[in-house]
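In what follows, a single structure is set out as structure tokens and then discussed.
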Amino acid sequence: MLESLKKQVYEANMQLPAHGLVTFTWGNVSAIDRESGLFIIKPSGVDYDKLTPESMVVMDLNMNKIEGDLNPSSDTATHCQLYRAFSQIGGIVHTHSPWATSWAQAGRAIPCYGTTHADYIYGEIPCLRCLTPAELEDYEANTGRLIAGHFKNLDVEAVPCVLCQNHGPFAWGKDAHEAVHNAVVLEEVAKMAARCEQINPQVRPAPQSLQDKHYLRKHGPNAYYGQSH
Amino acid sequence: MLESLKKQVYEANMQLPAHGLVTFTWGNVSAIDRESGLFIIKPSGVDYDKLTPESMVVMDLNMNKIEGDLNPSSDTATHCQLYRAFSQIGGIVHTHSPWATSWAQAGRAIPCYGTTHADYIYGEIPCLRCLTPAELEDYEANTGRLIAGHFKNLDVEAVPCVLCQNHGPFAWGKDAHEAVHNAVVLEEVAKMAARCEQINPQVRPAPQSLQDKHYLRKHGPNAYYGQSH
Amino acid sequence: MLESLKKQVYEANMQLPAHGLVTFTWGNVSAIDRESGLFIIKPSGVDYDKLTPESMVVMDLNMNKIEGDLNPSSDTATHCQLYRAFSQIGGIVHTHSPWATSWAQAGRAIPCYGTTHADYIYGEIPCLRCLTPAELEDYEANTGRLIAGHFKNLDVEAVPCVLCQNHGPFAWGKDAHEAVHNAVVLEEVAKMAARCEQINPQVRPAPQSLQDKHYLRKHGPNAYYGQSH
Amino acid sequence: MLESLKKQVYEANMQLPAHGLVTFTWGNVSAIDRESGLFIIKPSGVDYDKLTPESMVVMDLNMNKIEGDLNPSSDTATHCQLYRAFSQIGGIVHTHSPWATSWAQAGRAIPCYGTTHADYIYGEIPCLRCLTPAELEDYEANTGRLIAGHFKNLDVEAVPCVLCQNHGPFAWGKDAHEAVHNAVVLEEVAKMAARCEQINPQVRPAPQSLQDKHYLRKHGPNAYYGQSH
């Protein structure tokens, strides 16, 4: 079932090591088929060079495994919560990519210092608090609930990624491919923001007018970047 | 038309990922044919592995597309302004290369700390101010005008690159190949300047006498580096 | 003798350059056959591209060479002491991997700043003191004795790596493969901890509750990560 | 003439990009044949992928070109001075490798923070002062004279590399291969020293007893590292 989507999710997972975002098995990509309400995710703890489209796991939004010989990623419950909360999201990525994870460990949101950031992400990249000891009981689902709660009244498409303190980043998009793209952007932006602060510890975020201009250059009805308009 | 120049521009664009200067499509190279007054530039938002010489876009200096099926780079108006302002320039590069962009985001000019810098760039690499909200209306052209204004009474060959605050670097040269070469030099110099300041926060720029000596070792009538003199 | 184990040790050694943990010959992996009490280790100062399974050296736990044409690694006495002290250990790695070595040179234990660390290592990664001038007489064996003394009443499986001040890291595991895996984790964790402190100099270690949760997610009777439970 | 040595020098030059020590043509290796008093060096400003053994330039110690179609490296006079001053030296390398150059630009000697450094270099790596305006007239030769003067009463084999302020590193060895090896060690040591100071700004050099032990482990009559003793 969903063979074409399995292939997409497989290929998106293979993009993580290709972009240098993962060490060992420290990452996972999923995508959802909204018609059937089923999502497909990488199996847990399997080496990337052992992955195949067939080894992907099919889940429903109540966390039942529908198809697959292997256990799904241990982060599946986080993905599930995000698909339930945000109907606009078609794909999700979690990694421990080093620069984004360093910001998450530092417990700081990433300010918007320039157009590389502003072209893809509107405003700072939030860093959500660590879970409480009680929340840790249901760690992965509560991570998803925390993210969903934060974005409840915000635009999940304008800010397609988030940091979870002491843990690492999640990114999303309209499909698995766009989610991986946003995870790469996040890592690049995280790297340049850290270096930028090293070069000028007094640096201030980019002017709001520049942030508006660059985000709207690529998003919304007046976008003019690329070939599709 | 201009098939040979298209091939040069194509090859120069392909040098950007080869030198690690771009992520995704975040860079573009152009070159001008001064006889016809036409310049050739990368299409907007096309993956590097999909580029061909034939996909390059031909523009005139009034921003009319003369040939090409695709939209030109969204930064085309910046390139256009620079070709109009500086007849010595034959090729231009824009990237978001990480170290140069980190300096641009930090809003600081890159001091000349040593001979690697002085061999190619005379004095510091300027960092130009962010555009005003009014200037943002015509973002790309005004970026070009700001650069042109800065270099009006300066030697655009002695300083073949610049940083635009909160944005990133531009580099240029007598042709597309030399422009890419200067973009690589800039990234390397930006990296070493940042590390140098980390190692010694009190570091001072290299003595003027050394800067003069090294620049003139490679430039001007008494140059003695390489095989051509 | 022990041909299968020689092959394992050879392959584990070859993983060091593949993971970017060594320059030149600056690393070595060993593994022990507990039944015979013999361990196998890389020869000293031989380039990785010249290594073969047959060139591995067989040693006993009294530092006698049992088989092999070449001298064993100069760090063999350290490996030997650790095998004698900890019967749970089946493989050991020593490298000068750059981030872990930078922490060792800095003389600091690596705090647990997040789940990447907590998934594999319980609590901080200790940094043991430099040897005294007297201890330097028998440098390699005393390095092993110092590590063994430190872990005497601790869980050597919960903290599968250590830093030796002014020197570098050692990592271990149930076999050579797992030891290399832990050496890679250590390097990644060391990198992110340094960057994390740069991003937020006031950063505090991750909450103990999170450290407990993540370590136990992968270790002990209630582990639920991966395919084996 | 000296075909075998040309091949060695060619191969040593090709090791510079392989080890990531050079961008473009920013490095050169030479070696000397002490019997004839001739040394062989890379031509100036030629791309590494265009180099051949036949393109190497043969020079005598009075800076006369003895054989070769191309100009020798612009740094030839520095190499020449060092061969004249130190009969123990058989090969010399100059690069702008990024970490070593960052220390040179910072104007600081690299302290010995650990055994990676101490295994190859005895004590700190000196950083020599910038040339005076008068000395700049004969820049390359005076760079060599400055290095020769510094090491006059020191052991050029115990410290096989040096930094020239605002410029970059030189390394040497008994032949071209060993000189490149030492240039790689220098870059690795420079990287770890910078990171080590970032991790612990109060870090102190390694104890003298450790420095003695590790240097003598690999050098001198009681060396016991590797296969040759």
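Structure notes:
Labels for the chains are A, B, C and D, by order of writing; each one numbers its residues from 1.
The rule is short, and it goes like this: contacts are C-beta pairs under 8 Å (C-beta built on N, C-alpha and C of every residue); 3 or more make two chains touch, one makes a residue touch a chain.
Since the structure is predicted, the reported quantities are computational estimates derived from the model, not experimental observations.
Touch-path distance (fewest steps) from chain A to chain D is 2.
Because chain A and chain B share one sequence, their contact can be compared position by position; here under half of the interface residue numbers appear on both sides.
With angles rounded to a multiple of 5, the C-alpha fit of chain C against chain D returns 90 degrees of rotation. The chain with its CA mean position farthest from that of chain A is D.
Here the CA centre of chain A is 33 Å from the CA centre of chain C.
Averaged C-alpha coordinates put the centre of chain B at 46 Å from the centre of chain C. Contact with two or more other chains is made by residues 197-198 of chain B. By the contact rule set out at the top, the touching chain pairs are A-B, A-C, B-D, C-D.
Taken together, the chain A residues at the contact with chain C in this complex read 23-24, 26, 43-46, 70-71, 74, 96, 98-99, 101-108, 130-133, 136, 139, 166-168, 194, 197-198.
Contacts from chain B toward chain D in the complex involve residues 113-116, 181, 184-185, 188, 191-193, 195-200, 203, 206-207, 209-210, 213, 217, 224-227.
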